[in-house]
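Note that the chains take the letters A, B, C and D in the order they are written out, and that residue 1 is the start of every chain.
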Amino acid sequence: MQVTELRVRYAETDQMGVVYHANYLIWCEVARTDFIRALGTPYAEWERSGVALAVAEATMRCHAPARYDDVVRIATTLAAVKSRTITFEYLITHANTGARLVSASTTLVSLDRDGRVQALPRAMRELFATIS
Amino acid sequence: MQVTELRVRYAETDQMGVVYHANYLIWCEVARTDFIRALGTPYAEWERSGVALAVAEATMRCHAPARYDDVVRIATTLAAVKSRTITFEYLITHANTGARLVSASTTLVSLDRDGRVQALPRAMRELFATIS
Amino acid sequence: MQVTELRVRYAETDQMGVVYHANYLIWCEVARTDFIRALGTPYAEWERSGVALAVAEATMRCHAPARYDDVVRIATTLAAVKSRTITFEYLITHANTGARLVSASTTLVSLDRDGRVQALPRAMRELFATIS
Amino acid sequence: MQVTELRVRYAETDQMGVVYHANYLIWCEVARTDFIRALGTPYAEWERSGVALAVAEATMRCHAPARYDDVVRIATTLAAVKSRTITFEYLITHANTGARLVSASTTLVSLDRDGRVQALPRAMRELFATIS
């Protein structure tokens, strides 16, 4: 499990006075980037080497809203590794109160430089295997 | 069913050369706004009268990417109306080719001015009943 | 002069209840895309042919806020064409009331495929010359 | 001077392979929030007490692009305090190389709860006076 913390930006709020929901997916991407970096090779390097991970599926349940200037914590776990996809799960909580804000998951599919689905590179699969 | 068309903005792309996935949820919001307006009362008016619809759940499946300057079509349907929630489904296609790009759904929960869950107002439920 | 209309998205508001200012630059990009398309060749095609126009400078003055669901009008004019840059000016008004909302300008610099500054292609300069 | 660091998100890139320019204004907002917090009272508290600071003017010059996963540094300084406005200046550099990426400024106007321009509260002016 990887834990990422971030502070809610004003730009992320909407006129309901809370975080606009699509931003939670962006936070998941930030958390996933941290997760992958912690395994040893930043996603930026994987991408330069010709492996792109594109979001193929996403789900989100909003339990309570995050608000401007809140510090939130995103706990990221690896839920599944298949031949061509990886699934991450995220739990976003309020860093101070621990209140559960959002549960989410994203399944990413491995693409080559031309955007075609390809098997996850062996090196990446072995990396993920070490933690699942 | 309500159909909304929009053209992909440069700001909505990412360095993979396609639309960044979180933007699909924003397009769903644009489509939902059109859907509600077509029923007779814009969402902006509902909100001023004290009814907010907040996203409680969202799902998204990305079949093929949308790209900058593409015109996309979003077909919105009402999937369920319950006492406190409404569920919409969306199919995003490429306007020229008809290619299926994204399927999504969002469940919205009715909130009062203080952000507490409340029953959907009767007037709103009756409005939705006319089309389901 | 090119006129673009768009409707304010919920995602574009912030908790002040108005449009978050950075979105005005995105609207300018939408308007600029329309402007260039109206000259005969969409920007998307220019970019595929190896000409990128990157924002090098931007200014913005906010006179009055745009709000959710407002229809706004963006009047775009060409302010200057130099050997390597183009400057556009934008006036964003409220489509119903005509109220002046935002004045902005952006200067774009011509880049080649490797991101190096290059002279604006002759074909593009001639195109812009027809309207200045 | 206040220094803020942040890491570029994938969502902030566009298909040119660099950060989409409007995001620089969002980073300025993050930096400004840090600046104000460092003076003792977070902006979130000022806003709850009835003082909103809305962006009235912004300028931006892009010297070199920021890229995904870069760590950038934003140095924020107070450029002017007037009766109803505050002006901040920002220099965004690459944290590792020190390369200058973006210079920006924003002038904020003080608004009351109804969105009307008001004098900056005395307490806020005195706070800013301590550092100018």
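We take it that a residue touches a chain if its C-beta (ideal position, glycine included) is under 8 Å from a C-beta of that chain, and two chains touch if they have at least 3 such contacts.
From a predicted model like this one, the values you see are computed outputs, not experimental measurements.
*Asks:* In terms of CA centroid distance, which chain is the most far removed from subunit A?
*Replies:* Computed centres place C farthest from subunit A.
*Asks:* Just curious, how far off is subunit D from subunit A if you go by their C-alpha centres, in Å?
*Replies:* Here subunit A and subunit D have centroids separated by 27 Å.
*Asks:* List the centre-to-centre spacing of subunit A and subunit C in whole Å, with centres computed as mean CA coordinates.
*Replies:* Those two chain centres are 32 Å apart.
*Asks:* Can you check how far apart subunit C and subunit D are, centre to centre, with Cα atoms defining each centre and the answer in Å?
*Replies:* The separation of the two C-alpha centroids amounts to 23 Å.
*Asks:* If I count partner chains per residue in subunit D, which residues reach a count of at least 2?
*Replies:* In subunit D, residues 10-11, 16-18, 22, 26, 29, 68 touch at least two other chains, as defined above.
*Asks:* Pick one for the touching-chains graph, please: line, ring, star, complete, other.
*Replies:* If you draw each chain as a dot and join those that touch, every dot ends up joined to every other.
*Asks:* Please name which positions on subunit A make contact with subunit D in the complex.
*Replies:* Residues in contact with subunit D: 7, 9-11, 26, 29-30, 33, 42-44, 68-69.
*Asks:* Which residues of subunit A touch subunit C once you look at their complex with the stated criterion?
*Replies:* Result: residues 10-11, 13-18, 20, 22, 68 of subunit A touch subunit C.
*Asks:* Could you please specify the touching residues of subunit B with respect to subunit A in the complex?
*Replies:* Touch list, subunit B to subunit A: 16-18, 21-23, 25-26, 29, 52, 54-62, 65, 111, 115.
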